[in-house]
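In what comes next, chain A is part of two complexes: it sits with chain B in the first one and with chain C in the second one.
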Partner chain A sequence: MTMPLTGSTFSGHASPWFSRVAVAAVHFFLLILFLQNVTVDFWSAIPGFVFIHAYSAIVLVYWSRLDQTPAGDTVIVTLTLEFVLIAILFWDSFSAWPWSTLFGLALVQICAFAAVRYWSELRQAPYSAWFGLIVILIYIMVAATAPIIAPFGETAIVGAEYDEWSDKHLLGTDNLGRDMFTRLIYGGRNTVGIAFMTTVLAFVLGGLAGLLAAAMRGWMDQVLGRTVDTLMAIPSFIFALLILTIVGTSVPSLIVVIAVLDATKVFRLARAVSMNVVVLEFVEAASLRGEGLWWIIRSEILPNILPPLVAEFGLRFCFVFLFLSGLSFLGLGIQPPTADWGSMVRDNATLITYGDITPLLPAAAIALLTIGVNFVVDWFLHKASGLKD
Partner chain B sequence: MPQLGRMVAQRLALGLLTLFIVSLIIFLCVELLPGNLAEAILGQAATPETVAAFNRELGLDLPPHERYIAWLINIMQGDFGRSLASQREISELLGSRLQNTLFLAAVAAAIAVPLAVSLGILAALYRESIFDRAVNAVTLTSISVPEFFVAYILIIVLSVNLGWFPSISNINDGLSFWEKVYRTALPAFTLTLVCVAHMMRMTRAAIINLLASPYIEMARLKGLRPGRIILKHALPNALAPIINVVVLNLAYLIVGVVLVEVVFVYPGMGQLLVDSVAKRDIPVVQACSLVFAATYILLNLLADVLSIMSNPRLLHPR
Partner chain C sequence: MSESKTRDVLLNMHGLRIEGRSDEIWQEIVHGVNVILHRGEVLGLIGESGAGKSTIGLAAMGFARDGCRISGGTIMFDDVDLAKASDDSLRLLRGSRIAYVAQSAAAAFNPAHKLIDQYCEAPVQHGIMPRAEAESDAIDLYGRLQLPDPGGIGFRYPHQVSGGQLQRAMTAMAMACRPDLIVFDEPTTALDVTTQIEVLSAIRDIVRQFNTAAIYITHDLAVVSQMADRIMVLRHGNLVEEGETRGMIEDPQKDYTRDLLSVRSFRKEISREPDPETPLLRVENISAAYGKTPVLYNVSIDIHRKRTVAVVGESGSGKSTLARVITGLLQPSEGHVYYDGAPMPPDHRKRNKDEKRRLQMIYQMPDTAINPKQRVSTIIGRPLEFYLGLRGGDRDARVRQLLEMIELDPDEFFDRFPGELSGGQKQRICIARALAAEPELIICDEVTSALDQLVAEEILKLLQRLQDELGLAYMFITHDLATVRAVADEIVVMLQGEVVEQGPKEQVLTPPHHAYTELLLSSVPEMDPDWLDNLLEQRAN
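Showing the complex of A and B:
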């Protein structure tokens, strides 16, 4: 294949012809995807159109800024076209879920871009980190494209109760005759999605409060600190059960309750690490310069405490994930008929006493993800601490 | 010693204050959070008269501070009120279940603590060896998996396939001590697996931390055997963090029983709490939360005091 050599001397120029063609091809693929739905579902197609244009623009801009090498471009284009090819081969199921297809494609491209951008660091990553990264990637991919992969509907009853593993039902059926494999895929989407949102909310609340406490000190620090101390004196699982009894178990209340309880731990960490930064000279210089509180937090403190916070995000996610599946396992978390890994174990636990391991698959899926995230966090911490082995 | 007494008294007072605030929070949760108790219990269709009668029966028509004081005074006299669902005395429900839960936690601790400490010492002794890595990997895995996964794996292997232990630990007061231990074995193993990792890693880290210090090097230069160095020289100085993490894990054990009790249908506090949450039986949930929180605070306090006692340097902070 002939292509213009774009070494480091060329970086900053517009992307070579073949990346432009690729972006255009993907653009038209997405247009077709949404266009063929326009008669069926007009109002979901409209935001789709807007989104496609924004998406293509972002890809184009990011790509032209990326430090280009022919190899990197080839990786990105190949992966993208691979996804498009698969989508065309299985057009029926992909075209029925345009948004899932779009997210799947976006995910593939994000991964490709990230892999090219951080290749030098990824190459030195240990096997455990690679394992973790691949596991996380597969989970996100499955979560994004759940309706496309799943052979049946999330809550559809498609057979007898507790069917054996067979060609029709890959992992058999559950206590109500729903397809286990389908439930497993949708359960991943729901559990991981809710755990992720909860963790994000916990970080926004806890991180912001911690930064505020460190930056303002004085009474603010005291009030926030003592509140958090008191909240932490009650074991969080018990506290969550107490609150959920009163407010009831709906998904929004689950997210808010777990996020607030978890934010206390984020607060501790964020406050502790930013305390070390606040006392440094450049922060003092900024405040003498007359910068506002928000500016100091955002541009002076935050960039310096990011690595420990990112690592903590991974660990907190694992914790929230286990917490949530624990609640669901008790029947107090995500409520049926929504598929969810914790409640799947509980609903089919009867099978375990007959030596059938099918009900353990969702639990194993939970375990695999937490182990994967732990591996990646380990690697990240090792890298951030600057240790060389 | 008088300093130690003062320190302990100080911590105890702080613990009591925390407990008081916690009781206030547990009580106020019902007040402040959205959600109408009467409506939740009686259903949407309840007439205003039934709701009013329900509120009067529970004393919900009184102002909050009066109710809180009455509630607190009753609890100090051992009266937790009545359950909404079964109308039984809560203290009666709690009594035997608290005993069972403490029994389970004690059996688990009796296995976990010696195991974790000896594994930690061995891992420190043979650090960077295959043994160290294997123990590390296994313990790390066991903390990143959900408790119910560990529990069911144990059921499949030890109960269904090998038939060594019963998969349901149904215990009552009529059983002999060893029979009870036998029946609680599986839940105790589960709890052990879940909490050994943290204790073991802390033990290992605390000992390895000390190995670089000059007095250990001196012992090594004298020609002492590595085992003796670790047991006689390093361990006494590493005791403070080890005791701390052990007691903190005991606190975790008491709280972590909830899931394990449900898996093994063990008649303990956790099971009671979960059942009551499902029935929205708020007085029972409050009572359970209070007992759990009190245990948790007490054990945290104990960890504090013990680590101060085992390290005189903490008594005289500079």
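Showing the complex of A and C:
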């Protein structure tokens, strides 16, 4: 029997405080040097930030082998100060697109931090998982900074209908003369954003209900279980079409309807895996101690069912995504003029007859993200199941 | 042993090295062990968990578990080096010339197929005999292994026969191709003492009848001394001592072997007289049932302060059910449980915090009794917060105190996850969790049966010390009479849901016994190579 190495092995060699200050100082020096040499064009500044953070990340990765926590603290402190600095220096860009610039910046920094924190696991990740992670990151980045990188406005008509690919219109124009490249970027933002929110809502609803059913059993299990059975008995696509026709197709109603339909599947998974945990003795010990339902659900069961739930989250996200695009294709999803990948395929479908692949690009974007997410999910499942090669 | 035994060497493992992988690093777990096995000889491998005995046993088949690899040495099996042999040639040997009997037959059998179908697979696959012949051979072997109804038992599914029978069916299966070598990996560890005897004698007889060589792996020196001609004591992947069984039992050379031999010598000091006052816990005429199946009949037990009451019985005797009734997980159909003179609500959800606090429980399997996703500080700290309202620094300080009390270094263990602990350490954490509530009575449900003997003895000593220091009362549920002898003040013997005998330890353990108590007592293996022979002879008369 071998014990995994623990922090205590290195506890005698914690990195001294001045080395932490040194890295922070170098970090700020690079940053100030960089800020003096860039124009106010914010988009071009981002690669520079990536570089600076990559540098800090590499140093901290080396550190984290010695002593993880102070390194993490340094990153958090450094990033917070930097945020303030940038906000002051680039006030113009912030006031133009405050949310997307903030989000884009935060994203780079979160990535740097997460990479440091989970480096030991990332290092062992297979290439497919790296590919998936990078694809997902690029999508999120593009979605977040859409107004900055898109050359035109989302709904602006900027040229002739069905224009060819050109320097001005990178991917041509669509059936109303709107820039295809711009629409593709904004479409990512709308479709991915709505799919993400829907999946989160589905997991909150379904996961909580599943945990409740497993922990309480008895009548609660029966009521929830039969309700879910009833919802699942109706084909979900037709059910969604029906409800959306009745309540109208606004973004919130779209999110709620798809989330409720998807929550049924999450419920069944959460209940099934929780059931395996509920019968274990530590749950019995907790209930003998007199613990309440919330403690048992949150502290005893949830941490033990998290790996399958996270894996399911990735898969479910893809399904929601496809479901949403399917609804859009039928005209009941995200409504025009908002850009959306599903409806973009439909709007420009006539071009396919002429051998033009432009209408298929949104479909390819969907496919690429789905593959990326699945690669990451596969990796996660592999890790969670403890399989060895 | 039998005179016909030929003395030529069947298996010769020389300088065997095996590595295991953890955290992407290969670490050696068996450090150059030499094993020589002659035809028809039974070799006992003994040691605590982590000694590498199972790993060596599997290596005798040229097999290394997932995450392990044979990194050095030779494994000569009849002129074939199994360490270098191809998968195909190994496949030819395994099952036909080398067979394996696993610890848990229930887990090793495929539940979807009948026993005889699984029996016939190896001989038919290896082309040794046709199906019909294999079947009649199986029935013959089932008979030799003293299985009831040998003609019919093979046509049952694994869940339809008992654990002891399943273990014998597994042995028959290993014998199917009349192998030269069988590896037995703790075949009786999961069985009751009374069943263990049947399996031991069946295995021994059949191995002798066919003059099969065997490697018998166990952590119980008393068991191995009944089975083996020669014993190898292993520790941390090294050989400690090797010798003829009788010689080793009578005159061990190394301290570690002496420790193993004396493992069951721990005895509680003179037991005190019970206080005349009201008992701490009184169980009065309890009957209980699961659904419509009755499991307890009219059970009455008194537990006094500072006393240890041991409840003994085989699996299915209702002793764990009794614990469930006392803790309030199962409502009795008749009878009452009184705590300190006052009746306790039968449903644990209706008991108040203080009633729950005073009665704590320690479970059999430390692996499932503590949440693998919580740190030691949370596992022990939670009852402190919950019952005593300790927070922050006070809580942490008390957790450290408790860790010291269970003889674990607070600095080292405070932040660990259960996955980073050994079985014995986990059980200590369970004890600390129970102690955190500052209880008066602790129910110990088979707390040592999942542990190695040396570790188990440490746990028993710890519990005893805590009783002396804190004045706890224990209800000790166990099937192991050695444990009972060590810790009990009073003994309750249970059989099929009824109490057959109860009283102070001296009274129950001195003859005349109830017939069932006698059976239990005589079934505990002793460190005497002739014990099994004598016992079987005695029972035959």
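What to note about this one:
Methods note: the second predicted complex is superposed on the first by the 294 of 389 C-alpha atoms of A that agree within 3 Å, B and C clash if a C-alpha of one lies under 4 Å from a C-alpha of the other, contacts with A are read in each partner's own complex, and residues count from 1 in each chain.
FYI, a residue touches a chain if its C-beta (ideal position, glycine included) is under 8 Å from a C-beta of that chain, and two chains touch if they have at least 3 such contacts.
Owing to the predicted nature of the structure, the values given are computational and were not obtained by experimental measurement.
Note on chain A: of its two partners chain C and chain B, the one contacting more of its residues is B. Of the two partner chains placed by the overlay, only chain C lies in contact with A:E300; chain B stays clear of it. Shared-chain residue A:E284: touches chain C; no touch with chain B. Of the two partner chains placed by superposition, A:L361 touches none, neither chain B nor chain C. In the superposition on chain A, contact of A:L330 is made with chain B only, not with chain C. Touch criterion met: A:T230 reaches chain B, while chain C stays clear of it. Once chain A of one complex is fitted onto chain A of the other, the partner contacts of A:L241 are limited to chain B, with no touch recorded for chain C. Of the two partner chains, neither chain B nor chain C is touched by A:V266.
Touch criterion met: A:Q124 reaches chain C, while chain B stays clear of it.
Across the interface of their complex, chain B is touched by residues 230-231, 233-235, 237-239, 241-248, 318, 322, 325-326, 329-332, 342, 345, 349, 352-355, 357, 359-360, 363-364, 366-367, 370-371, 374 of chain A.
On the chain C side of its complex with chain A, the touching residues are 20-24, 27, 29, 49-50, 66-67, 327-329, 348, 351, 353, 356, 361, 363, 365, 368-374, 378, 382-383, 386-387, 411-412, 415-416, 419-420, 422, 433, 437. Of all residues in chain B, those touching chain A in their complex are 18, 21-22, 25-26, 29-30, 33-35, 37, 40, 140-141, 144-149, 152-153, 155-156, 160-161, 167, 251, 255-256, 258-259, 262-263, 273-274, 276-278, 280, 282, 285-286, 288-289, 292-293, 296-297, 300.
Across the complex, chain A meets chain C through its residues 1-8, 124, 280-282, 284-285, 287-291, 299-300, 303-304, 388.
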